[in-house]
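After this come two complexes, each holding subunit A, first together with subunit B and then together with subunit C.
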Partner chain A sequence: MIPREKHILMLQRMMRIRFFENKLIECQKAGEIVGALHTYTGEEGVAVGACVALNDDDYIAGNHRSHGHPIAKGGDINKAMAEIFGKEDGYCKGKGGSMHLADFSIGILGESGIVASSVPVATGAALTSKLQKKDFVSLVFFGDGASNQGACHESMNLAALWKLPVIFVCENNQFAVTTSYKDSVSVDHVSDRASAYGIPGVLVDGQDVVAMYEATEQAVIRARSGEGPTLIEGLTYRYEDHSLGLANVRRDGNYRTDEELNDWLNRDPIEIHKKFLLSQKFATKEEIDKMENDEIIAVDEALEFARKSPYPDAKQLFDDLYTDPINFA
Partner chain B sequence: MKNLMQVEAINEAIHEEMEKDEAVYYMGEDVRASIYGASKDLFNKYGENRVLDTPLSENGFIGAAVGSSLVGMRPVVETLTSFMWVAMDQLVSQLAKMKYMFGGQASLPVTIKADMYYNGSMAAHHSDRSYPFFMNMPGIKVIVPTFPEDAKGLMKTAIRDNDPCIVFVDGNLGGLKGDVPENSEIENGELLIPFGKARVVKEGTDCTVVGIVNSNVHALSASEKLEKEGISIEIIDPRTLVPFDKETILKSVEKTGRLVVVDPAHKVCSAASEIISVVTEEGFWNLQAPPVKVASEQVHIPFSPALEPLIYPTEEKIIEAVKKTLE
Partner chain C sequence: MIKNNKSVGIIVNPNSGKDIRRLVSSAFVVPQQYKSNELLKIYEGLAKYGVNKVYVMPDFSDVSRKARENYSKLIDTVVLKTRNLDEESTTIDSVKKMNDLDLKCVIIFGGDGTSRLVSNYLKDVPILAISTGTNNLFPENIDGTIAGIAVGKFLNIANEEKFSYKSKKLDIFFDKDYVDSALVDVVATDIPYIGARAVWNMGSVSEVIVNKVKPTGIGFSSIGFNLAKNLKSDESIYVKISKNKRKSNLRIHSPIAPGRIEEIFVDNWKLFKKNEIIRIQTNKGTLALDGERRLEFDYLKKPNIKINNDGPTCLNIKEILSK
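And now, the complex of A and B:
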């Protein structure tokens, strides 16, 4: 039984991601932020279901679609927003930006711009857990496109071989940029590949946050008991294009249809979970409306925080390259 | 003082650091059997939890070393430079960049012991000397020991360092013997050689010869022959390329007015290129002749024993280069 508070927390975090991303889309369109912007709208159920099933001191790592994961884990949206604005008070002091949010203080070991590159890293965090006989679980998010990288296969073999407490979460949002996973993955489902490593492969409706939570919870139990990794595939969809900037330069037609997008919009993870909470009487409509309003305000405050934060000073250019920076160039 | 081979000195360094700190573990292909010698007796002494034989998955296990270092371990990874190409994504995208990219949140105490087995009829896929690639990548410390004492002391410093270190070990030097002080002979009881401090291998007056790894051995034998002709060279081993001790080299060039840099890496954008560039920019007015680069020919390593030796720096090439600066 999932406690009521966790159900509420899951709705709250999904809404926080949604409003955060929608605010960024506005800012990007207004020219207020620079660089790539990979938004997580539509996929909230996957990260939130997975992260809420973890303890606060468990580890996560992720990819270039970097905002949803830390928010799902309970990260600070002020610092996240400031980082995306390239400001000094950002999570990485403005050195990482939109694709590289990280908060080591709560186990968020960083998001990688190279797809699948975080998978070995998360596997290594799980190796520490095993070597130090600690209880930490490590969970990594990657996409359907990343599932074709060697790093994924090497890590799954290693983790299965050494029975490491790592959970591989494939966010199958159907596309690697514009290439359908059906045109790039050799099996029907990424989760089918688990059998190659002798580990459980679980196919989950990623729009159902409760289903994601339950699948992750099982994987956590398995990981903590020393039985090794699990591969979870959450079927989901991104509402926006791969990157907001990229949409503007796409020239040769559409890689997906309006009908397809509408079908997924009709299965929105936030709306599905709201209905679930109401039907179970876990929350009233008024309570949900209030939560929604609170999250809108929190995101507005984060934007204010980011706007007010100064840009890093030129003196900080070389900071944090080495622990003891002497004679490097 | 004891007389050790370079490989024994490195083995001793790893034993001492594993003994001292439980967070240090050793990982790589065939390290339990110690097929290259540096991990001798580690498995017997520290067991399966601290000495890990890996699958042939360099990107996977070097990435795992990165991840495990982020949360409290100090991995030492043994691999060959030629196999590091397979792991370049983890070495570059993660190991080199994480600390900076995440605003200093990440700590990455990873040591890669990168063996270079060149000049042994192993052809193009097993003969790489890749340290210049990593000099070009901020975030990595590049360690290039020659003599057994330095190999031990630098390896220990690398394992204790909180930044990523790649220790490039020249396979041609594995059997090189040299004096290594006993711990009881050292003031603080252990041999730690600081990074960024060059070793003056031999003092001289007529020409400065900077040697990278095995080149120092060739430079020493060249020196003996040159002495007979009345030419005195000063040999300097930088010991680490990042950080780099330019002061010692600039000071030497101030004295000799001449510079030869000997480097077994391919000559274009080599360590030699960078060192000559630094001396030309910062010590130009002390130079009495153009610096000379003695580095490997810009071609892949051919298998045939008739061709391979033509590639690398030799004693003869060093003698010729020194004389050129004195013309």
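And now, the complex of A and C:
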């Protein structure tokens, strides 16, 4: 049974992601952030349900739409905001940007803009766990588009073969940029593909953070007990375009309808979980309002932190590109 | 061969066979290709018996496409239009539309949960439910070809009421307000949330009400079968699960999920009749209907359960196929 504290934590982290992303949207529209911004609003239930079911020393790896993943794992939003602003106090000293929020101390391996490239990274981390006889599991988030990539299939095959403690979480937000997964994925559900590797595949309502938690918790138990990987598909929806302003790129009009978007807005993961907390008397409306206010303040403070942080010195440009574990230098 | 232009409805649950039970038991993923092929077989049976009109529920993967294209010269298929796809509301919308179509039979392709949902909204149309889910007791475990033949023959039978039977169900009330029904079993758990829906941990189960038993049944109904091998048309079983193993007078083993045989400690159990009301004693939790957590309750809003003999009308396929 999920304890009350975790239910509360899940709402708090979903709110934190939502306000963080909304603030970034404001900043980008104001011209304060340069470069592409792939926001996670609408998909919070997937990351938070999955990450809250993990331990601090379990690993996660993300993708190009990954601001939500480190926050869901308990990452520092000051450092995340500074990184996205390209500032020295950011997670990667401001040299990684939006797609590189890594914090090994709490198991965040980082993300990558190369679609599906984090899937073998997480599989490798799971191999480490197995070879070194550690207890940690790794979990990777990837999209419906990434599920078609060779790296994804190869990783699942190897992980199944070697019974690695890895959890593959497909965030099926139904569009790869502007291509519907109906037009690009050969099966009805990405989780159907699990049977090809001989591993469990589970389809979960990604808007229900509790359902995501339960599925991940069981996958973690399976992974830690040496039974191998699981593929979880969280069916979800992103509220914004692939990256901000992308709808204008299409010449043939919108790739999705307002009606469809509204249907999903009516199944908002934060609102669903708020109602749940109230109905279970896990929290009062006043407590939820206070939490919301606290998170808004925390995000405002993160923004101020990022604004005040200096840009990295140009001389540091080539620092930290490679690790040097055996001290070649 | 068919006397009149009689039509059949088909509901295929695109999401059956994909839930968390693939992770917590030895259940397997049921791919869409399997469902698509089963539909082909059903169409073969229907076509051989002259059925020429089929209405199908729409779904994201268009699971009926192969069947309706291959049999387009023999069977006119209409894919119903609904607003959303692959959600419960798609099934409900489709069933409501089917109610207005003067259908002679609706074929349900899914599990106990799908059969329950369709039956809750379908009015006076006989059904044939075929299993594609996990622990299914209500649907028939038969090949699509045979299902198609059975439905085809049924549409050609003059005295059709002799080849179908009325099933019973369990109605759930909060106080006196009807809220839902179950076809196979109702399970009270102390899990306060619906979450991933399935129930797989006996430690969370406090009460089990079984409406239908089968020697080959898997799931919570198998607890009922352990206690009563047959149920009359007006009776069901109530089982109180013991939380204290030492105080339990009765210990049984039941296959509550594929590959999972659990030791179950029974506090007490009884058969109950149609006119009795079973009041759930658990103070707070969820009720699982036909294997899925559906209704949250607490001590202020406690469920009552009653047998209702006005359940869905089912095809008696043994009788139909023997005719």
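FYI, the second predicted complex is superposed on the first by the 314 of 329 C-alpha atoms of A that agree within 3 Å, B and C clash if a C-alpha of one lies under 4 Å from a C-alpha of the other, contacts with A are read in each partner's own complex, and residues count from 1 in each chain.
Following the convention adopted for this analysis, a contact is a pair of C-beta atoms (placed from the backbone, for glycine too) under 8 Å apart; a residue touches a chain by one contact, two chains touch by 3 or more.
Just so it is clear, the structure is predicted and the values come from calculations on it, not from any experiment.
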**OP:** Identify whether subunit B and subunit C fit side by side or clash on subunit A in the overlaid structures.
**Re:** fit
**OP:** Could you tell me if A:L203 is touching subunit B, subunit C, both of them or neither one (first, second, both, neither)?
**Re:** second
Original post:
Regarding the shared-chain residue A:R222, is it in contact with subunit B (first), subunit C (second), both, or neither?
Top reply: second
**OP:** Give me the angle at the C-alpha centre of subunit A between the C-alpha centres of subunit B and subunit C, rounded to the nearest 10 degrees.
**Re:** 120
**OP:** With the two complexes superposed on chain A, say which partner A:L321 touches: subunit B (first), subunit C (second), both, or neither.
**Re:** first
**OP:** Return first, second, both or neither, reflecting whether A:A283 touches subunit B, subunit C, both chains, or no partner chain.
**Re:** neither
Original post:
What is the contact status of A:S155 with respect to subunit B (first) and subunit C (second): first, second, both, or neither?
Top reply: first
Subject >> Minimum Cα separation, subunit C to subunit B, after superposition on A (Å) >> reply: 24
Subject >> Of subunit B, residues touching subunit A in the complex >> reply: 25, 49-50, 54-55, 57, 59-73, 89-90, 93-94, 98-107, 138-139, 141, 161-163, 196, 242-246
**OP:** Would you tell me which residues of subunit A are touching subunit C in their complex?
**Re:** 1-2, 182, 187-189, 191-192, 194-195, 200-204, 208, 210-211, 213-215, 218-219, 222, 230, 259, 263, 276, 279-280
Subject >> Residues of subunit A that touch subunit B when the two form their complex >> reply: 59, 61, 90-96, 100, 102-104, 109-110, 112-114, 117, 119-129, 131-132, 136, 138, 150-151, 154-155, 157-158, 161, 319-324, 326-328
Subject >> Residue ranges of subunit C in contact with subunit A within the complex >> reply: 14-15, 18-20, 22-24, 28-29, 31-32, 59-61, 63, 83-84, 190-197, 204, 296
